[in-house]
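Chain IDs A, B, C and D follow the sequence of writing; residue 1 opens each chain.
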Amino acid sequence: MKLIQDPIHGLLKIEDWMIKIIDTQEFQRLRRISQIGFANLVFPGANHTRFEHSLGVMEVARKLVERMDVDEDERIEILTSALLHDIAHTPFSHCGEVIVEDYLGFNHENVEVILRGGEIGDVLKDLGLSLRRIRDYVSGRSCNVVKGDIDADRIDYLIRDSHYTGVAHGVFDAQRLINKTKFVNRRMVIEAGGLRSAESLLVSRFLMYTTVYHHHVCRIARKMFEKAVRFCIDEGSLNPIDLFYMDDWSLMNFLRSQEGYPRDISEMLMNRRLFKRALYVEMDRVHIEMDDVDRIEVEIAEDSGVDGRWIAVDIPKQIKGEEFGASVMIEGEVRRLDEVSSLVKALKEAERRSLKVGVYTPKDFVDRVRKTAIRYLNVS
Amino acid sequence: MKLIQDPIHGLLKIEDWMIKIIDTQEFQRLRRISQIGFANLVFPGANHTRFEHSLGVMEVARKLVERMDVDEDERIEILTSALLHDIAHTPFSHCGEVIVEDYLGFNHENVEVILRGGEIGDVLKDLGLSLRRIRDYVSGRSCNVVKGDIDADRIDYLIRDSHYTGVAHGVFDAQRLINKTKFVNRRMVIEAGGLRSAESLLVSRFLMYTTVYHHHVCRIARKMFEKAVRFCIDEGSLNPIDLFYMDDWSLMNFLRSQEGYPRDISEMLMNRRLFKRALYVEMDRVHIEMDDVDRIEVEIAEDSGVDGRWIAVDIPKQIKGEEFGASVMIEGEVRRLDEVSSLVKALKEAERRSLKVGVYTPKDFVDRVRKTAIRYLNVS
Amino acid sequence: MKLIQDPIHGLLKIEDWMIKIIDTQEFQRLRRISQIGFANLVFPGANHTRFEHSLGVMEVARKLVERMDVDEDERIEILTSALLHDIAHTPFSHCGEVIVEDYLGFNHENVEVILRGGEIGDVLKDLGLSLRRIRDYVSGRSCNVVKGDIDADRIDYLIRDSHYTGVAHGVFDAQRLINKTKFVNRRMVIEAGGLRSAESLLVSRFLMYTTVYHHHVCRIARKMFEKAVRFCIDEGSLNPIDLFYMDDWSLMNFLRSQEGYPRDISEMLMNRRLFKRALYVEMDRVHIEMDDVDRIEVEIAEDSGVDGRWIAVDIPKQIKGEEFGASVMIEGEVRRLDEVSSLVKALKEAERRSLKVGVYTPKDFVDRVRKTAIRYLNVS
Amino acid sequence: MKLIQDPIHGLLKIEDWMIKIIDTQEFQRLRRISQIGFANLVFPGANHTRFEHSLGVMEVARKLVERMDVDEDERIEILTSALLHDIAHTPFSHCGEVIVEDYLGFNHENVEVILRGGEIGDVLKDLGLSLRRIRDYVSGRSCNVVKGDIDADRIDYLIRDSHYTGVAHGVFDAQRLINKTKFVNRRMVIEAGGLRSAESLLVSRFLMYTTVYHHHVCRIARKMFEKAVRFCIDEGSLNPIDLFYMDDWSLMNFLRSQEGYPRDISEMLMNRRLFKRALYVEMDRVHIEMDDVDRIEVEIAEDSGVDGRWIAVDIPKQIKGEEFGASVMIEGEVRRLDEVSSLVKALKEAERRSLKVGVYTPKDFVDRVRKTAIRYLNVS
């Protein structure tokens, strides 16, 4: 057994079989994938990676699994799934996700894209671990420890992102929450004594979303990055499947090594010379569909006379909010968290209302783009 | 200038004129008044006092006043008010408050009961400080730094109570909140960039209320204490005005030195042998008025055959929630926080619903009392 | 099992048999004995008590014992000893210790003075726990988990005192230290990987001693308290054995209720009107023996014309520094920590040199007393 | 003014003129230079960068300068120097430093290599800032705020490295230290009340060196990196001056893009397949000179039959320990810290003794290399 020092959970106990997984190049690649993409352009401390997060999720899962009635085989399966749940993240984490979804039709939960081959494939075979079962834990089908409503993933990332951004919002009472969890038919249920901790977690999540994850600068950088990568794919210089094997460093260097647009965008990202907000309004005030983004970019470009490559229309995805449906045990009955807690119910509404649509463009084009954008987005 | 080490705010800068106030016996008495009464019966770390809290409120007020356009005289008045805002607390803080309100018709904000005489009276005179003006700052009439919707008092106690109880809920982003505050016509207004911090503070407050301040054990101990003190007042062995000069130590020793009931209660409190919950239900399910408490205790006593001194009916006061009305500046307009934030609006409702009515009695009487209580409280 | 929230160690798991011990009035009394006496006169946050410290020591011991090969009976004995190791502390902890040592010839490690009777005696009998064995664990004879060189007691108090005073010095890497401990013949041995943590602990301890525990204001208050208590004992109004049953509150109220000198001192302590330093010099520069304190007080009094009750000569006890001798495993060999670490060796010397002798008296007498004191203490 | 959230110092106030400096590409490059090189191979949280550290040093300097009697021009010069003190760091910070020293004869303090041109050069000209004066502050010639014995640089990096590694050692009482500092003839002098904080800082530094900075895995990775870079320079594929314009990402990608040895090393570093220790002994036990490293590598290679590119001889530089000579004011006299504090004196010795010489090579060669290395290094 090995001990690894983690700033969030203290000493992590790494069992021998885990070392084999961690030592693969697929897992080591996570060292070079930042946890929250370009958030360090706003929060300079946010340089943490999917590597340490994956170890952290394993640690939280370890504590949860102690409370579950599982045999050693299943324990190993769950902890492996915790370690590997983010193995299929593309560079800058969620920033590239929408691209692979569009071009390849799958996302970072399709861990088998990575796990079925390479060094990690061999290790899993050696350990006798079934790909299908890992996939089921990662997607939350088998049990909701790794992925579910309130799960090891969320518990780790909220505290970790808070530690590195320096934003106090992410602090909630994880220890109490974990200690007030029990398993009923292999599903996590929060006991009444953990209700406040669960509420606290959801509030943290809401505040982190609005303060950090959805900060307009983060969204702008993300859209710029996305446009440059799509450009390369469309041009044929980049195969989208390669994104699963690249890391922040190599992808950024790839963009830097191109001619023209991708190179320009990469330098703007590295030197923090970002698009500005030409428009930034509550989602309710805009009347368009998600699928219209490409078309609208073209229309705004034509109408404003600005090259469409320098215009980014950003419509955030609806937050799914599975956490709202977490199970809580109140007086012997299992209930949904958002039924039991009026605070949680309110968060749903507050989250919906916090979403904003943005149109971004370099400073010099802001005025021209704004006027056109207001029209094409039907801003009320 | 002197430096005092505070676990919450770091080094506090104590100016020379402050030392004079702090050195009076009236201020030193706050060292022996616990900040959150009997909460240490549940959270053993919660032994902090009104003394350190008062220094802390001064520190937060100091930072807020730096952002205000005040002259040196007013600065000193405000900071003095911050230091002295709790000088009229009775032993075990809020635990005795309802008693002095009942018997004397005033509460801990009537600081003049202490400030108009004694050593502190002399010091204020020496410093040329007007009692009336201090009173106006303490009550929030002059400006809302010390007392208002979101004020120095709340900012300090939430963080401090969190530090000592070990409950993570109380952590919010105070530094950002303070830095996103400005003053318009001498009233604090939170800028848009501070909205999330303000929400975070209100959520902390809600969670601290439900987890700590309204923990049933705290409420039980408080009611027991209250009954013992009322007994002594009614018997004539204690003058309610003396509560303003006593501290936790001397009042508990006074009870201990009595015969019979007060002595028994004091020993129960000290040895943590508390009443139990015979009834504990959401406030909505009970149909009685606040003023009926005494009558109902008598009725339950008669009906159950248990001596009324061993029955405590606990109807919590409605939380006033002035914080909900804090001013926020959104796009150049001053708005109420609960108008702007659906999260905050939800907290109002959540708080109302979190309140519980309790009927407490020693373990042996629980069954007998429960049956009667259900009837007399009209529990639905 | 019950969970108690502790600001230092998080949730403490309290097993059923522990609850019986904790619920006795002897253990509950520790709630009213401050952990570091009058230190809150300097560090206003330092209001923590022997109650929470005792729970904390149990928690650290629990983690250490997990690493030891013990049966369930011994585990319970050790954890009971951890819980009860401070049960025989007198009010204001170490402040009264020298008194009972002088008058009764024993100190707070003689836990049997409390444990052989009362509620706690009955509980121990019920649990089938032997007084003799507990005594042996508390004194470190049986094994050095509770008391030894580097032990559960020290690990808890350094971190706890740091948390409440706000002094960062007490922070060291406890988790690593515990995880790098193993047991050889039932004695704790620190593995090489824990050497830096052990050094760090000893440095913390040194810095806490010089900054907090030996702060001159703490020492002055302690001497004043000691003189008042001795006065009452000598006068016959206080039986020294009663100190084991009193707490901070009742002893201070006892002093307050006396006439003359003890009452005056108690009010000075409560209002923080303390003696001042007439003399304060490095111990090396003074040439007297510990036993001469009383004689010298008399001599200074006679010579200066100041009543001896208002003069306090303070010669600190040599720090024993058992920690220096902790066992460390270096390349398969068990060595003493101060042999292995030149840093630790240096601490020994630094500690010796940090000790100071003081002569304290009220402000008005300082000049008169200083002159005489220099002479009688043979200051070089 | 802008606010930046820093996990260490909270909200940093960024004045308008600072923004101009921060916005240059030279400063933005620091975002991609890790603060402590390959330490994240051991401490996965240690992904922090020179960018945030530079902001942090500015913040500490700002607090120190407030205590100094300087005019606005000098204030700006000092804070600029704080911001720019690390602008000439090469990729992976200290890891590449010895290379540029060898090939170019200067190190990261020669900030003029960067500052005399480029965007930053223009900004400094616009702000009317003299290169020479900045150089003098960075090197500590003009005053010792940015660089000296105990300086803003060290205060920031110790706390910051502790936060990100999760090692508690780095925590010391910075606020007290800063508040107990005054300036005498423009040199920082620590007042007596800050002595313990200064000791605490030096102890933190010692423990961080031995636990983190000199961890053998960090040293191994560093040597491997160094050998690969030297290889490229010697081969002519890399111009050492370019190191000042590259970052971690681009340099690692450059190595990855090469053929043979540099590519192999880069992949070993990225996949954490590191050399192992063939030899690792206290520096005293080895009898060679620093300059002999190259020669010895060749000799070991020849003798063991292992290609010299796979052998790394690592002789750490003597720690300079300027901090030991910090000025302390004791009873009105300015003294050296290591004269006044026996603890600090001991640290000097402890540091010297903690240094170790290592010989590293891939696992398969360890046995062969060890035997030869013992001989050639004259290990006693």
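Basically, a contact is a pair of C-beta atoms (placed from the backbone, for glycine too) under 8 Å apart; a residue touches a chain by one contact, two chains touch by 3 or more.
Just so it is clear, the model here is predicted, and its values are computed rather than measured.
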Relative to subunit C, chain with the most remote C-alpha centre: A
Angular offset of subunit C relative to subunit D [C-alpha, multiple of 5 degrees]: 180
Proportion of interface numbers common to subunit A and subunit B (over half same, under half different): same
Cα-centroid distance, subunit A relative to subunit B, in whole angstrom: 41
Cα-centroid distance, subunit A relative to subunit C, in whole angstrom: 50
Touching two or more other chains - residues of subunit B: 5, 10, 167
Interface residues, subunit C side, partner subunit B - complex: 4-8, 10, 23, 25, 28-29, 31-32, 40, 42-45, 47-49, 51-52, 55, 163-167, 248-250, 252-253, 256, 270-272
Residue numbers on subunit A that touch subunit C, as the complex places them: 3, 5, 10-11, 175-176, 179
Parts of subunit B lying in touch with subunit A, wherever the complex brings them together: 167-169, 171-173, 196, 199-200, 203, 206-207, 210-211, 341-343, 345-347, 349-350, 353
